[in-house]
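To start, the structure under review is shown below, and the notes come after it.
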């Protein structure tokens, strides 16, 4: 297969030889201009996932010079007991932060992990340098994660829940493929699907008291992956701006990506964008 | 003109030499990772267009190994009789599919062709593997294509309709240039404009019964070109998420592009994105 | 530092050797295909800025062969008197256009400059070839610039106003960093912040009569920088589509970017996109 050289002429204005650096348009030049600020990340996974979800991104962040911690929820990963509550999960994350004596952390929540980060932040606010929601749920006070979906989808989740023997929800492949890994090829989609386990249902439907969270004075960022339709990009729904705007003032960063694919196929992009969302 | 080499250093993290493959971020790596799945496309054009609209994209899809069919509407292309109805057009597409004995097809609708695909799908649902709306109208049950525009624009279309001698609508150049081919240069815009003919008005204003369409259990995708403002990107209007979300569960793919330009100037991009929207 | 060659294989379809030119997808090929149309730009800055805000972009536009004028507001730059009104500012811009005998101009408004361009256009409509809003305020008739913010933010501005001794507003660094230069690195953010001065408050809160503006028949474009959250990207708020759609028919161009960073770190991108928004 032949190798082509990217022709700089494409990037220039005729007769003026202005070389155009495309990557700069995505903020990559800054990586060059300034040394990386070493950060301490605590990466909180979402539903239908466990700590291994972050493997690629954690490796890239460590390569960049950061320190990375990845807690795992009760009822997930090696813990097969699905009888967990949202409170148990968020307390486990806060306990992990305390047990490891972590301070000045970047607390990152992906997907359902966003709602976990909201509640964990109420427990250990003084240990957090910045909260980063990476297509993470920002639940309004008194609502549940399930409340963030249109009624027809919420009813679909409830039916899946009733069909299970242990109060869990398993996504049908077609749903996972088209709404969680929409930009992936089929082989990648199948591989990612083969790794997920039924998700404990209860935490998704619990109403959350988030009054303290919305009173916290902690810097916040929202990293939005523009093809992510795991929560529908519909009027009155969606990651951004519907849920993100509940944060009040926050730093907005965008990246190409759907809900899960690039965490596996392009962890370097995810890590770079996470750094842009997290640095001072 | 000098040739520059894209400097990989830009894509690396200082001191770590992580080469960053930008194209991966747009899903191109998958083309490498997995052989193309050969598909049978039926490409349905929109208003102010005929089958030739798809020439470039069809060529690219065939190069990729796909089979491509391109039906043409009555009252369009070589058929100069503007006295057509929406029912005649959608039946012609369904008849074309049957006459060519096509099965397991990817039925793609661009622009007005989206509404045609909705009605044609009601006629031949069992022959469709996936429906793909490529900035195509997804009309709500009981509405018309014209109903998808703000009142002031719909009235503008109605005035243009009355001005014609044969119940057609011709777009003024300024409207076409700024809202159909906004990212094109002037020469490209003029060339594309020179090729369009007045559009039969009646099918745009007919109210459509779409109850059966919204009950069909066929996989669906929406390919959204992010600069497409042929239908205004306004609150309560637009291709995505306003019309796309009527599909319920669907696969979302995005690409740079306006309503028509890249079909002519960058058919390879359009074909790649169409494949991402269409593959299993 | 090692130099890498961008591998064209990534852009090809296996077995077909179709070289894929990514830049084309962003409209750069047109710069090649057609000679640049020389335009006369009048660049109108925003709040917390003065004429020097445009230095990089003006230099790039001139390199491209354009003529560039950059008026400065009273109460800004070298004029330290904050006691100005919106009418004084827009009249100063119109007077500048008349004094320099400028005709057939591309009148560009960034940020607050959008509202200035609205009012200046009422004064010199016959001298304008096209209006370009570059994440510029499009204020509805009877509203103020401050009315474009959610109530909580507007109240924050009012508090900052009261805290000042001379009826100005100074942005706290944290607000500037996360909402004006969100994609910048910290050093760039600090440098840009060090250059801003308190902004005269009165023009931001004045209600504007814009009936004439909304009756003007002048071609209009909106250039939207997709990470710009200086006005929140929230439902019912934001540059695009909330404010942009008030223009009625307009040409939409998008670019990566936040509110201010790339004007400094990537003026070539900003200039190219401005040209796409401005050409015939």
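Each chain carries a letter (A, B and C) given by its place in the written order, and its residues are counted from 1.
One rule holds in what follows: contacts are C-beta pairs under 8 Å (C-beta built on N, C-alpha and C of every residue); 3 or more make two chains touch, one makes a residue touch a chain.
Since this is a predicted model, take the numbers as computed values, not measurements.
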item: Equivalent interface positions on chain B and chain C, same or different at half; value: different
item: Rigid-body rotation angle, chain C and chain A, from Cα fit (steps of 5°); value: 120
item: Geometric centre distance via CA averages, chain C-chain B, whole Å; value: 31
item: Per-residue multi-chain contacts in chain B, two or more chains; value: 5-6, 9, 11, 21-22, 24, 29, 235
item: Chain B to chain C touching residues, read off their complex; value: 5-9, 11, 17, 19, 21-24, 28-29, 31-32, 35-36, 60, 63-64, 152-153, 174-175, 177-179, 182-188, 226-227, 229, 232-235, 238, 255-258, 261-262, 265-266, 268-269, 272
item: Footprint of chain C on chain A - complex, ascending; value: 1-6, 9-11, 13-16, 18, 20-22, 24-27, 29-30, 33-34, 37, 219, 221, 235-236, 240-242, 244-245, 248-254, 276, 279-280
